[in-house]
Amino acid sequence: MSNKIRWGVLGGGDDSLIGVLHRVAASMFDAYQLVGGAFNVEKDKSIAFAKAIGIPTHRVYADIEDLIAHETAMDPEERMQVVSVLTPNFLHFSMAKKLMMAGLHVICEKPMTMTLEEALELQQIQKEKGVIFGLTHTYTGYPMVRQMREMIAGGTVGKIQKVDAQYYQGWINQLIHDKTQRNTTWRLDPEKSGISCCLGDIGVHAYQMIEFVTGLEVQKVLADLNHLYPDNAMDIDATVLLRLDDYCKGVLRSSQIATGEENNLSIAVYGDKASLKWEQENPNYLYLLEEGSPMRVLKPGHAYNSAVSLDGTKLPPGHPEGIFDAMGNIYKGVAKAIRGQDYHKAEFPGMTDGVRGMNFIEKAVHSHDQGNIWIALNAPN
Amino acid sequence: MSNKIRWGVLGGGDDSLIGVLHRVAASMFDAYQLVGGAFNVEKDKSIAFAKAIGIPTHRVYADIEDLIAHETAMDPEERMQVVSVLTPNFLHFSMAKKLMMAGLHVICEKPMTMTLEEALELQQIQKEKGVIFGLTHTYTGYPMVRQMREMIAGGTVGKIQKVDAQYYQGWINQLIHDKTQRNTTWRLDPEKSGISCCLGDIGVHAYQMIEFVTGLEVQKVLADLNHLYPDNAMDIDATVLLRLDDYCKGVLRSSQIATGEENNLSIAVYGDKASLKWEQENPNYLYLLEEGSPMRVLKPGHAYNSAVSLDGTKLPPGHPEGIFDAMGNIYKGVAKAIRGQDYHKAEFPGMTDGVRGMNFIEKAVHSHDQGNIWIALNAPN
Amino acid sequence: MSNKIRWGVLGGGDDSLIGVLHRVAASMFDAYQLVGGAFNVEKDKSIAFAKAIGIPTHRVYADIEDLIAHETAMDPEERMQVVSVLTPNFLHFSMAKKLMMAGLHVICEKPMTMTLEEALELQQIQKEKGVIFGLTHTYTGYPMVRQMREMIAGGTVGKIQKVDAQYYQGWINQLIHDKTQRNTTWRLDPEKSGISCCLGDIGVHAYQMIEFVTGLEVQKVLADLNHLYPDNAMDIDATVLLRLDDYCKGVLRSSQIATGEENNLSIAVYGDKASLKWEQENPNYLYLLEEGSPMRVLKPGHAYNSAVSLDGTKLPPGHPEGIFDAMGNIYKGVAKAIRGQDYHKAEFPGMTDGVRGMNFIEKAVHSHDQGNIWIALNAPN
Amino acid sequence: MSNKIRWGVLGGGDDSLIGVLHRVAASMFDAYQLVGGAFNVEKDKSIAFAKAIGIPTHRVYADIEDLIAHETAMDPEERMQVVSVLTPNFLHFSMAKKLMMAGLHVICEKPMTMTLEEALELQQIQKEKGVIFGLTHTYTGYPMVRQMREMIAGGTVGKIQKVDAQYYQGWINQLIHDKTQRNTTWRLDPEKSGISCCLGDIGVHAYQMIEFVTGLEVQKVLADLNHLYPDNAMDIDATVLLRLDDYCKGVLRSSQIATGEENNLSIAVYGDKASLKWEQENPNYLYLLEEGSPMRVLKPGHAYNSAVSLDGTKLPPGHPEGIFDAMGNIYKGVAKAIRGQDYHKAEFPGMTDGVRGMNFIEKAVHSHDQGNIWIALNAPN
């Protein structure tokens, strides 16, 4: 009998890109075995998919209720330990809730929920059930992001005095400029996508990244959103002023109309001693700046990196790893948690990130709607 | 008798870096001859300086009054045509005023004045006197900035929907963290530096660059400034939300506490068809982004560039030109204006840029002081 | 019963980096199932390893003979279809030979053999047995390398007139400057490493890359090797002049004493119409240069890429994939071949690459030893 | 009377790019005054040019003989001190010879002569006359090239074990592929261009750069040239194997058919302790690599640079200077020499560089013509 973690998946079938990403990530450190799931709303498609990816079909289920019913009835040594929720956004909350209620560990795609209220409810459930909950803010799995976090925590940049994060994409141009498309796509429909498009989809990654690498908490926000067209119900561009503490200010820039940008997430943290900069599209480079010294370029796999960074690098320097590897590192961290092993807090984002993220989105939209005023986050932990 | 433009300089003596920059720039196209000036507050030092740089000393003057008195008394074919004002900031206004009143053309270092009121007064004088006034927003002299402006004007990016400009430096770290230094340096003394340090010194460059390349005018601003220490009277970091028109929003980020940044001015203009990005520290690269097409990297001197860009490049592609060349291009443009030749509006910034810049600074500081509210620029032209 | 390809591995146990690389790659497209192997020279360690990575232990074997004996005795529907050879270099030949003789498909790490003679023998066996043979010149699995190949084949660069490939590393500095170390490390012992260190280990990658992307065959070589120390038996630095056809010359530069270089493989192909450049450490960028046009930067996943490039990209543009993904693409190609599906010749390197590579190494060393003279490759296909 | 150096120019009239480059460079530090010359073969055009650039016309001469006759007859306090030779290549030798014979200092464009024999003759004359001779290998004037030289001299990289220099351009594609053009352009006519096109025009820059930054002398060469077409008399592409000492090998790659490359001169010097890399098209970045440490990026103007590097930077860090500034630094060095001031050997290239360069070109062509054999440089100093 394999000692791999018994892993199930909800969604992610057919040509789902997110499905591929999670399966590769889960396989990366030989820690997970995909034992079943409900990959599609139609069970026979789920079964066909299971066959296509070469896993047994007897634990392919019609839906989450079916999955929970059968799996919880199985011998504890056989039943699924953790389930990844890769379904459309509006299902994340209910599925995560049901899984945790049933005592299963959960790995959940972002956004965790549609509202802060839901997020707080999940948080409460997790506390009560004591299960592991991983939220796939994938970018924190990059070795150089982890290294950035560790260096800041270790005092390399000194006291942080300015933070600037960006997440720019251009793909929504294809939809936004056509009246019919922008009024019919689910992405711009608040019923299906929640209260924010740009902040909800990508801005929240930048927000989470800021708190992840700095260890600071954003205290209040002032957001300026752009809908571009009056008949567009949702933000597709957002700039958010941030107050991190009395001393440190910041800015978060997020856009889906930054034409030609692919997936340009970047972050710069300026301290009174030094600064660190990182860009997602070239994730293996971390830039360390000091006044009057040559800039230094750190790369993964070198002994000068911290343990938690090195833990996320599989090959020697010069062998570029990418987004699949970042997600693999998050799965690796969740595996350690499930197995009760020691792990570093930076190894995977979780419930707190999810709650804080939903809070950020709601407060930022509120700030904008109130006329671009400061709103305290009063951020729950 | 040379047909060069007879040029005088106020300030810029001794080891003045700005003096070197202007002299090299003026010499670049064989258009100017330095005939005299007042390089120092002490006349004998001015004379020594004239000797050191190898120019005749008989038109070295004790001060601006002395200069104006003697030069205006000279034969029109002999007297100075244009004077560059390179003195400390607080003198720019009075000197430019006196020179224009005396009918002399002026090239003025930035900031043009200490207040908007002064700027408007200069503007009125220029109108009455009909003299040429060049303001050295040097960065607009780069060939690829000119090219960016021309491409946007020509429709390359389509309708502009987002603008993001940055000007980050880190040098003030050396002063700001020491209580004595921050309370004694002239740069942080409003009496000597005006109402803004960061916006006044560098943010205004980013503002001018935005209006220069887009052809749009900023309608209103919401600024968040950072003084870092309560006993520091001036902003050393600023983020400004911008409204360019009903459709287009923007953000301007400016900092002197971005530790390790040297002179990192950059601008990105996103349109509905394409985007253009440029960075001052690598000024010979202009990036053109379109959804679904490979990014294109334009460089100076190629035939695909516009006439006004090519006019600013002296050597074939691959021979990098820099900041001296950018300033040289501005001097070249002013020379054309003085000589009554045709020139392109983009060849040199002038009075309007100065007035709009001072207006921007005042309104942005006002926005911050009022609690980060939107302030209309009602920008004078 | 899974329809995955039944896959075995020789070597790659314990902390083997190459083992991780192959396992992740094999899992990437759900095409392979690891059913057994001999991961270690000690069978109990192999079994422990199998448990650690969560696979059944009943098909863990003592050695290759044991593996072949048992697997070939199994039902054709159950037995291993393909075996990856990840053992030390000197074992590649004998293992690949035995596997192919037994009718098993093979995926072999580089170098394929220790001598050209062995390579030719393997080639003969493969022909006779009709098995699939994949050689992991991993770098050809990158989407932009495939794209480069397709663009050249399609005429984008026109007639090729110059080729320049580089493979620079610096790691051998740690060994080479210490007399004891350089005389005792297996890497510099011809008995264990073959006739060449630098060309054999990395130069041959550059050679294979040249022929892969250009579609040309190198006709003759003139090599200048550097041993650095008289008591060092092997080359650790090599520059090789290349003649590709009557028209086109090239140069291959390879070094293990390029201090501070990590894994800097790059290639530039200059044609009479355009040029293409690529670098392994930033593998998601392909540079297209034409005289008088802006340089274009191609990236993976865009529709402008060729089918075989797109087949190797799993996520949308802006989500960087890396070396594991490149290897995954090669495994994907081999899987297609094993399953009898259509596949593109560029999807995986094979026996011809191995034979030509060994031929190149031998001829280049011969050229150097004869006093840096031209040696025809008479390259076998 | 100005204390500027009285400077004359031969050639460089009309739209000459090289003329602009030298005039701007000479003006940069206020050290030179252009007093006359012969800018054009037709004297009236020379006079018109003098007027156009605003200098007096009474010292505009019909030709070099005229210039020498008149200038040497003038009062020593009035006559030209130094003359820049900017005429077509085939005139450099005779003009430099006449000027030095007349006791004038010379700044000469590259190539210094058409043959080594001529170069040696010039060297002899210079020794006899004791005049200053500057050769404009402009790229050595960049601050970061000077810094590279100083760091290597100071032991930063340790013992040099590999050198790799490249000079790639693509412009000759416009001529080379058309039979008529390649058979009629002066650049490919040995009568007008000497024995080498590619090595003579650009390869020699790379050679000089190698010796400049390393302080080593190339001992022997093995060159492989490419004419591309049998009816093309001259090399347009060249790879040269280099032996610097018993220990250190190198390679010099030079091409005019590297399609799309603009002016891509670069150099990498690998030592046993560290390495340094520099690229002409981004001249303000110097890369320092060490095994196991983050790469460091040095930039001009910082206090960590050497005195001779800082002497070549006029503005604070982040204000990019370019090729005009590099040439300006060379003129500054020559001015110090003329004035009898102390100067650093690295401030300007001179006669030795010219002689060694011509020697290199001849020996490299000889190596190729003899069948790509090693030729000792027996390099004269």
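A few remarks follow.
A, B, C and D label the chains in the order they appear, each numbered from 1.
Heads up, the rule we're going with is that a contact is a pair of C-beta atoms (placed from the backbone, for glycine too) under 8 Å apart; a residue touches a chain by one contact, two chains touch by 3 or more.
Note that this is a predicted model, so its numbers are computed, not measured.
Distance between Cα centroids is largest for the pairing of chain D with A.
Set side by side, the interfaces B-D and A-D show unequal numbers of C-beta pairs in contact, with more at B-D.
Our note on geometry: chain A versus chain D, Cα centroid distance of 55 Å, whole angstroms.
Put simply, the C-alpha centre of chain B and that of chain D have 35 angstrom between them. In chain A, the residues that reach two or more other chains under the touch definition are 171, 261, 288, 293, 295, 299. Residues of chain D touching chain C in their complex: 157, 161-162, 164, 170-171, 173-174, 177, 222, 224, 226, 228, 237, 239, 241, 247, 249, 251, 253, 255, 257-261, 268, 270-275, 288-291, 293, 295, 372, 374.
Residues 2-4, 17, 20-21, 23-24, 27-28, 30-31, 33, 51-56, 169, 171, 261-264, 280-284, 299, 314-325, 328 of chain A touch chain C in their complex. Interface residues of chain D, counted against chain A in their complex, comprise 288, 292-299, 302-304.
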